[in-house]
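Worksheet: one structure, shown below.
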C-alpha cells in the first residue's frame, strides 16, 4: 500500500480551507433554506484564519499540525460549526498519535474519529440530517476501497474520487430526510425537500480534493 | 335669473359629502404621490359624520345649515383639511347672511368667500398648487357664465357643467406646478408632474354635482 | 399590508387602549377625544405640558407622557393633525392654574388645529402658550413653504420643557426654555424604504432596492432627493454634514447626539450609525456629552434614521439630565 | 439589502463600538473578544452575570448590560454563537470571588461554546454555573430536537437574576432563581416578513404578501408553519392560546405579559397587540400584573412579534420590580 505523505495531509487540509472560503455564499444560501443562513459565513471566517496562520503552525508531527488547525477552528469559529468542526479536527489528530507516514487506513481512521467526535459533541447520529450523513458514508466507501486491495486501493487519486462520489450521493440523499438535530429541526417536516448544508459542504470539499489531487504540489 | 332653492344647496353639500366618502381611496392615492396619503381618509371621516348627522342639522336658514356642517368639519376632521374645509364652509355661510332664496350670484359669493377663507387660514394663494387652484378658476368661470346673462346663465344644470369643466381643466393644470404650500412643498421640484390632490377633489366633486343635477330630488 | 391591524379605522384607538392597559398606574386614556393623560394631571403646582400631532410617530408623543415629560398627548389619526376639538378638550382637561404649554410640530395642519384650540381655551380663561418645533434642516427654503418641519428634535424640547415644569418653573420660563432648545436643535433624516399607513394598505411610494430618499420628514413623504444606496459611512456623513453646517455647530461645541430610528431599522444598525456619527463629529472637534440611540420619532414602519444635534449649555444639559418616567422607559 | 452597513464583516464590531461610545460611563467594549462589560465589573461582593448568544437580537444581550442586569455580554456574529474562546475570555474578565453565572439560550451552538468555556474556566478555578433558557413553545417535540429554544423570555431570566445578584444573593441562590423564572416562562412568536442578515444581503426566505410564519424563533428561520395573514385579533389569539395552553396558565394566575417586537414592527402595532392580548387573557381570568411592550429580543429587521407570559409569585414579582439601568432604558 502506497503511503501518503504529510504533504498530502497538508494538501487536503489546505483544500478544505480554500473550499470553505471560496464557497461562503453557496454554503450560506444552503443554510438559509430552513436554517439561519450563516453556515458559509462561519466556516469562511474560521478557515480564513487557518489560511492566514498557515505558515505558523507546528509541523512536528501530522497530529500536532492538525491540533493547531483544530484549535483555531474550535476557539475562533462561532455558531454550531466551530465546536463541531474543531472537535472533528482534534479527534482526527488524536487518531494519528505520533505516526508520520500516513496511509489510506490512517485517512479512514481520522475520518472515523472525526465522525465519532461530532456525534458526541452534537449528540447526533447518522440519519439526523447533518454533515454526518455525508461524512460517514464517505468514510465507509473509502474504507471499503482501501480494504478491497487491488490497484485502485493503491492509487490515492482513485481513492479520493471514490470518497468524493460517495459523499456527493449521500449529501444528495439528505434532501428526502427530516432534520432531527440543529436549527433546521425546529421547522419539523418542512426540513424535508432540501439537502443539509453541512452534508453538501462535505461533498463539495471531497470533490475539490479529488479534482485537484493530480495537480497537487 | 332663476333662483336655486335651499333644496339645491342641500343637494350640493350632500353630493360633496357623498363624493368624499366614495372617493376615499382615490383621494388618498393622489395624496400619496408627494404627500402623506391621508387626504381621502381625513375627508371621508369628516363627511361621514356630516352624512350621519344630516337630519339633525339646524335648517332655520341656509347659512345656519352651512355653519353646522362647517363645525363638524373643522372640529372633527384632522389634518390640514379639517381646518381648511371647515373654514371654507364657515365663510360660505357668512357670505349668505340671512338670505333664503339663493341665486347663481349667491353661489359665486359663497365660493369666493370660501376661497378667501382658505387663503387666510392656509396662508396660501392661487399658484401654490393647492385646492385653491381648482376652486378659484371654477368660481371665475361660474361668475362669467352667471354675468353673461342669456339662456345658459339661467339654467343651473348648465352652470354646474360650466363650473365642473373649469375645475377639471384647472385641476389637471396643477400637474405642471410646483407646490409652495402643504406637505408636497417639502419635496421641492419633485412635486411637479402630478396633480394636487385637493384640486382634483374639487374637480371630482364639481363633476359629480353636474352629473347628478338633472336627477336631483 | 403586513401589519398587526384589525379595522384600520380603529388602529389609533386600539393602540392607545393597549398603551393605557400597559400603564394602568401612570396613564389614563380618554377614548372620546383620543387622548392620553398622565395620572393625576393637572397638578395645581405645575405648568401642564401637552403635545399633539398625527399618530404614526410612536413613541412620540403618546408614549412620552409621564413624570418629567408630557402631561397629555392628543394624537390625530395616522399622519393627520388632531381635530381642533380634541386639542381643545385636552387643554381643558389638563388646565392648571399655572398654565398650559402646547408643543406643536410646525406643520400647517397642526398649527391650524392648535391655533383654533388655543383661541377656544383662552376664551375659557385658560392660560395657554404655544411653541412650534422646527428642527428639520432638509427643508431649505422657508420662503416657499410654511417653514421648517418639526421632526425628532422635538424629543429634546419635550424633555427640557418637561423637566423645567416638573421643577416648578412658570409658564413664561418653560416657554423660554422650549424656544431656546428648539433654536439650537437640528435634524436631518433619510429613508431606506417607504412606510405603509394602515388605512392606505400599501407603501406610500416605491423605492428600488438600490435607492434611498435623502431629507425625509416623519410622514412617509418622499424626501428632498433620491440617491443611490451607499455605505453606512457615506450616508452618515451626508446626514452629519447637513446638520452640522446648518446651525452651524462648531469645533468646541458640546452637544447631545441623537440617532433616531424611523421605525423599521433595528437598533443594531442605529448603534452602528451612532458610532460612525460619533467619530465624524469628534473629528470635527465637536464634543458629544450625551448620546440618544433608539426610536424617538418614527414614520410607522419606515426603515431609515435621522441624526439630531443639540448645542448644550449648562441649563439645557441639566434639564436633559433630570429623571423622567415614560411608558417606553420604565422597567 | 437596505441597511446601514459598511463591510458586513464589521457589522457587529461597529455596532458594539457605537454602543460603547453612547455609554462611556457605564459600558466598556473589549474589541479583541467582541465583548461588552459593565464599568467596574467584576465587583467582589456580587455574582457576575453573563449572557452570550449570536448577534442580531438587540437589545438582547449587549444592550442589557448594566446595573441590575448583566455584567457582561459576549455576542457572536449575526445569528452565530460566540466562539468558545470569547466566552472563556469574558468569564475570566468578570470572574468574581462570588462566582459567575452564565445564561445561555438553548441552542446547540451556544450550548457547546459555553460548555467548552465553562470547562476552561473551571480549570482556572473560577466558580461558574450555567443556566439554559428554553421558553419557546413553538418547538413541540423535544425528543426530536435539542429541546426548546430560548427566545424573548430570556429577558425575565436576566432581569430576575440580575436583581438577585445586585441584592447580594450567592451563586446557588441566583441560579435557583433563574431556573425558577425559566420554568414559569413561555413564549410564542410569529413573523410577518423575513429578515436580512448583513452578510447574506438578501432575505432569508420569501414570504408572499398574504402569508405569515407562525412559531418562529429569533434567528430568522422559517417557523413551524406558514399561514394566511389574518386580523390582529385572530393572530394574537393564536399566539396567546399557544402560550397559555402550554404551561398551562390558569384562571387566577398573576402574570407578567410581554409583547416583543422582532425588529421591523413599529411600537404602535406592539401596543395594539398588547391591548388585544390583555383583553384575551383577562377574559380567561388571567391577571396581568406587569406589562412589557417593546423590543426585547429581535431577529434583525424581521417584522413580527412574540408574546411571553411569566407566572408570578411574590419573589419573582419583587425581583422584576427592582430598578435596572441599561443603555436602552436610561435618559
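A few remarks follow.
The letters A, B, C and D name the chains in turn, as written, and every chain counts its residues from 1.
Basically, contacts are C-beta pairs under 8 Å (C-beta built on N, C-alpha and C of every residue); 3 or more make two chains touch, one makes a residue touch a chain.
Treat the numbers as computed from the prediction; the structure is a model and nothing was measured.
By the document's definition of touch, chain A and chain B have no common neighbour. Looking at the partners of chain A and chain C together, the chains they share are D. Greatest Cα centroid separation from chain C: this falls to A.
Mean C-alpha positions place chain A and chain D at a centre distance of 33 Å.
Taking the mean of the C-alpha atoms as each chain's centre, chain B and chain D sit 55 Å apart. Separating the CA-averaged centres of chain C and chain D is a span of 29 Å. Chain contact topology: the protein chains form an open path, each linked only to its neighbours in the line.
Annotation, chain-chain contacts: A-D, B-C, C-D (touch as defined at the top). Put simply, chain C touches chain B in their complex at residues 9, 54, 76-86, 88, 107-109, 112-113, 116, 138-139, 141, 144-146, 149, 197, 199-200, 204-205, 217, 219-225.
Those residues of chain B whose C-beta lies close enough to touch chain C in the complex are 28-29, 32-38, 41-42, 45, 74-84, 121-123, 180-188, 190.
On the chain C side of its complex with chain D, the touching residues are 1-6, 11, 14-19, 21-23, 55-56, 58-59, 63, 159, 192-193, 209, 212, 229, 231-233, 235-236, 263-276, 278-279, 288, 291-295, 298, 300-301, 303, 305, 320-324, 327-331.
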